[in-house]
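For reference, the structures are reproduced in the following blocks.
Common to both upcoming complexes is subunit A, partnered first by subunit B, then by subunit C.
Now for the complex of A and B:
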């Protein structure tokens, strides 16, 4: 099925829906087929004299119909041209919307602009888009973010959200292993970031991960906020050469379970031992 | 600044992954605005393995590469750049790259009818995601009041091709009839203009049909001069079942067809198509009765992500028929050795592929690189035809032969080809100097009399012999027409043979017919004996000569104006 066919099917499905449509949906449906209406909205975005509210409303309306509008398809270059123009808008709401829409389309111009901002060393308040948001937008394209840049941001994040986003999009590769392990081990880092790491790195260097996990469980205990994530990481290891280490780590977890909180016991039992036992049977 | 200008050609000194995009663009701008002959310094920037693309996000790599490619519109497009341009048209889904390639084609010294279909492919690649593009400068100030798009750039190039693009006029008319309402205003107007320009141009450049493959092959050879697979003998590779083995244990003993891919490649024209093509190659091998004699392999660029399980499920989903001789591999450690051995056209951002070319290699039974098919998806039948000659070098015979370098292997193949091609020339000469009348016979006898053989009498019964020789010669020329230089040499020799037969004394026709007869016969045989590329160079020379002659006589160029637009 081509993109055009998909869009047309979607539009006809909505039109044939048995549910009564509200006024807003009807307007959007009408807009989807209205080339002139779409052209007018693009003109609103380009017009320097229109208010921010009008521009935001125009961008939102175009976004709303972008998946199924055959009329917008013919106006797409004009829309992209207009949105690229709003990447440097004074109003941050317009700017963010322009970047969000363009990066969702993997627009190279928007990607490059965001990336140069991330690499610029500008103060956070001077950036066109906050670091966390920029990473999140660029992260829609798995080839848009260099691992080195993410590692740098993760080690020196301008704020907590940026650290979380940097970890979320960092490749689980050998080059990132040390940075991720360091973030995982530092309790002052947000749990949202640390909790992602065990499953990201468990297969990059299994013995190193198991050793770090054992050390953390022993020193910080199974009531530590990261303990369930470490257990998940241990359960996720599949490399056969790590097997003796895995058995040793599992034995240690079993020992620790007697003094563990109930929640950890249940989880560890479920993901580390029940599976093995049923396999043995 | 990491670049400098040296003499008439601006050379890319130390452009690498640390050079900011703006500085790379500034270098390209200098070449673009500099004196003629700068195209050569842009060429390295077309290769995806250039260090300037190392660790660059894919989008930025696309923009830089596209910016460099589009600059050929100004500097002129050298033949060696053509495979990169056609590759972008055939398999790139970025409107920016398609537009850049379309612009680069305007830098050709003369439009070529065979590039038209590539431009049509590009239309279908990008038409659902057409975007505004601008090559006036790298950092464009958006929004632009007037802008072109990927599609409008393609249509404009086709319009400039004029009559040369007549072959693809039906495609454009079909687009216009069926899909016009799906195009943006800019693209639609450009399409209609292109159709008018092609229709209105009464001239058509009769460029030879076989030039493009030659140009592509020569450019590919030059790109891959240093590649060789042989040094990887002990490198560990793992197949889709998880079996580890040495490189040499799979890639030696039988010729092999080897392609590179990765499962995360999102481009259906590249890796997915490559794997489908390998399956088709496998089928062709079977039809040719070569099953079990040739190995087929696909190796991933991305061994970290592509585990054995991932390879198996990817291959199975694409009907890749795994067996002992047909496998997918990953290189658990040391993939950089493979990259260096084959000069692979790939680059990475971290450990992830950010760009790569289409590449398929033929290895002989010793694991040496015998031939490569780069950038353009290869025809499975051609691949099998190319691998067949490698079967003659059996591992047994190789075991007693010292390892030889790739050039000497290629030379061996060349010698065989040269022998085959020379046979028809020898035959031609034999016919030419065969005594065809009593006068010829008398002349020969007067010469041979010195050696005491002058007493052999002339016999009219020798006539059937000359007819037989002529027929054999024509038969050979006809049979080899498809594989070598087409039917032109055959028709030339046929005409020559006819003249010779008409000149025999019994018909009473003028005897001077024997002179053009001999000339045509020998020219035909000699042309057939030329290598494919030499033959085409010759054709190109005559075509160019005719073109210039026409221009001189009529005072106007054939086709539409070509080269940079004054407005740019």
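Now for the complex of A and C:
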């Protein structure tokens, strides 16, 4: 087939098979450049008499075009105000959308509302937004979530997802070390949370992490679900002063290799055992 | 028998020998002991490969599977070589994951005695759902390295601290959306953005290219724990939560993306409004994702982003925007989207669709309005959208509308590569992105290609004539 034939085939397919854009999609594309249309949707959100479905449709349409609409950018302050007005909506579908859009824009009013509720001790079912979702929303702004609050939630999470989100967003710093190490060592905690922790703490207190890693690998084995993450944590230590501890830990891992599953052996060889052993000396 | 030397255009260094569909220079030199100056060139696929090369005597002439050239009195000659586009073969004849084509040279009077050879990879961007295990692993390791994740030997800044985060997440933010979205510069700006990242990936491993997510087809191999992450599906009427999800992509322990971090935040939150194992991306209710043919059927004019949204520029809305909002999570919100590496595979497909449109409608002529509408200062009040305008963040300027400085080290630092056009001053302009295949001038070739967008030799012949 020549290149011209390839092109002609493509043109033929386009002409024969392509369906036209449906009306809904055309309308949404047109909305992206329509300041008046955008203004009308903002009015729908503000209007107390419009139904939940109408409000949801308006918010979703605005969110859909926000990724490519220069017209919406000019109406953003009005949209923010309208969404702030929906943070207390009875309909959780509206509330979630309002908070998500506002926190994605790092709106301080929305951030403050969510934070104060997380700190309030309110029952989970009474919250405007579930804890796990609130953490995720606030997490779009790296400055919005205090480490102390995340530690508190991680130690007393209302549910598994909240624990995972709290660990996901927790800084790997000295203040968080003990909480993270505790969560890592407790098998009843979800693996998704535990697996993140070795990398988070390995450079905060390398000897303490390495001691914990050695203890866990020896007592639980290299076929334990956390073993690969522990290996990655060991590999990720960069502090020169930790080198003797790293070497000791690597030696221990090497001793365990003969009884390790193939997947662990492959990973450990790739990231722990350098080709040039003299680099470890 | 004297040796024949073959030097590819990017000769020297670890990045030599990577070609696409576009003709690139090949120098042949040597001195025959018996005085013959004619050399026969052909290509051979390695075992298990279908890839072949073609030879072009002069730019603008037809490609040949085998060629005889005369070295002349200087004992050297320069021709062109390119990957052979073979529709219907795996990846249309591109290399799967490594150098699998050998160009062999012999003196014409002893054509069976190979005295010179050159290993090549026909390196193109491929469908992510069809990658070999090696290609996938190579890509993930290179991407993870740029995140700061340790994937082998060598040191890294640590997960979440690499150039991917400081620079590539840092440049696609709300404060720069005026430079990047909402008008015809959307496509060329993102082409340059992807190329900057891809060239850095190739510094880690030269065999790597950005894969594309063919979002109008099911991609179960892509949405798996071994690749971009197994992604939970949620009902289509679930609340659309901009920038966030209460679910996270899950990864195999051996997948380097299991350590993905952006700053201090671990993991990737993502949930899909469609079944990622069996369906294409859905868009949203009332905002459907259009397929490839519908996208090309938007027509042969690029248009401007005004009333004429049914022209090709409308593709920024759908399928591009619709693909983004097929999920909950950072991927669905422009300022957050690159935090999810799926972003680059999504945009690689957007770029492929543009490339396919350029090929189909012959829209790679830089000075034609049909290819790009803002040809001069009179065509738009926004100077950064004009075809010769240097682009933020590589240009030392402030972004629009947020007046942001270039993030990380991107200022005057577009990644250069020996396999493609050198960008003058490390600051790209929009016109650099228009003739990316080097259709009009081989010097325009940017060093990337797609598996299904060929170089058009027939047009090259027309243009030279």
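Methods note: the second predicted complex is superposed on the first by the 248 of 281 C-alpha atoms of A that agree within 3 Å, B and C clash if a C-alpha of one lies under 4 Å from a C-alpha of the other, contacts with A are read in each partner's own complex, and residues count from 1 in each chain.
The criterion applied here is as follows: a contact is a pair of C-beta atoms (placed from the backbone, for glycine too) under 8 Å apart; a residue touches a chain by one contact, two chains touch by 3 or more.
Because the structure is a prediction, the values reported are computed rather than measured.
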Subunit B versus subunit C as contact partner of A:70, first or second or both or neither: both
Which superposed partner A:260 touches (first subunit B, second subunit C, both, neither): neither
First, second, both or neither for A:144, with subunit B first and subunit C second: first
Residue contacts on subunit A - larger count, subunit B or subunit C: C
Which of subunit B and subunit C A:189 touches, first, second, both or neither: neither
Contacts of A:78 with subunit B and subunit C, given as first, second, both or neither: first
Partner chain(s) touched by A:131 [first = subunit B, second = subunit C, both, neither]: neither
Which of subunit B and subunit C A:109 touches, first, second, both or neither: first
Partner chain(s) touched by A:222 [first = subunit B, second = subunit C, both, neither]: neither
Touching partner for A:164 - first (subunit B), second (subunit C), both, neither: second
Doubly contacted residues of subunit A, that is, touched by subunit B and again by subunit C: 2-4, 70, 73, 105, 142, 171
Touch list for subunit B against partner subunit A, complex: 21, 55-60, 62-63, 94, 96, 128-132, 140, 142-144, 147, 149, 181-187, 264, 304, 349-352, 354
Residue ranges of subunit A touching subunit B (in the complex, touch as defined): 2-4, 46, 70, 73-78, 80-82, 84-85, 87, 105-109, 111-112, 115-116, 138, 141-148, 171, 173-175
Footprint of subunit C on subunit A - complex, ascending: 1-4, 6-7, 10-11, 13-15, 17-22, 24-26, 28-30, 32-33, 57, 59-61, 63-70, 73, 92-93, 96-97, 100-101, 103-105, 130, 132-133, 136-137, 139-140, 142, 161, 164-165, 167-172, 192, 195-196, 199-200, 203, 228-229, 232, 235-236, 238, 263, 266-267, 270-271, 274-275
In the complex with subunit A, residue positions of subunit C that touch it: 85, 87-88, 150-153, 155, 158-159, 174, 177-178, 181-183, 186, 239-246, 248, 250, 253-254, 258-259, 261, 263-267, 269, 284-288, 290, 293-294, 296-297, 305-307, 309-310, 314, 316-318, 320-322, 324-325, 330, 332-336, 356, 359-360, 401, 454-458
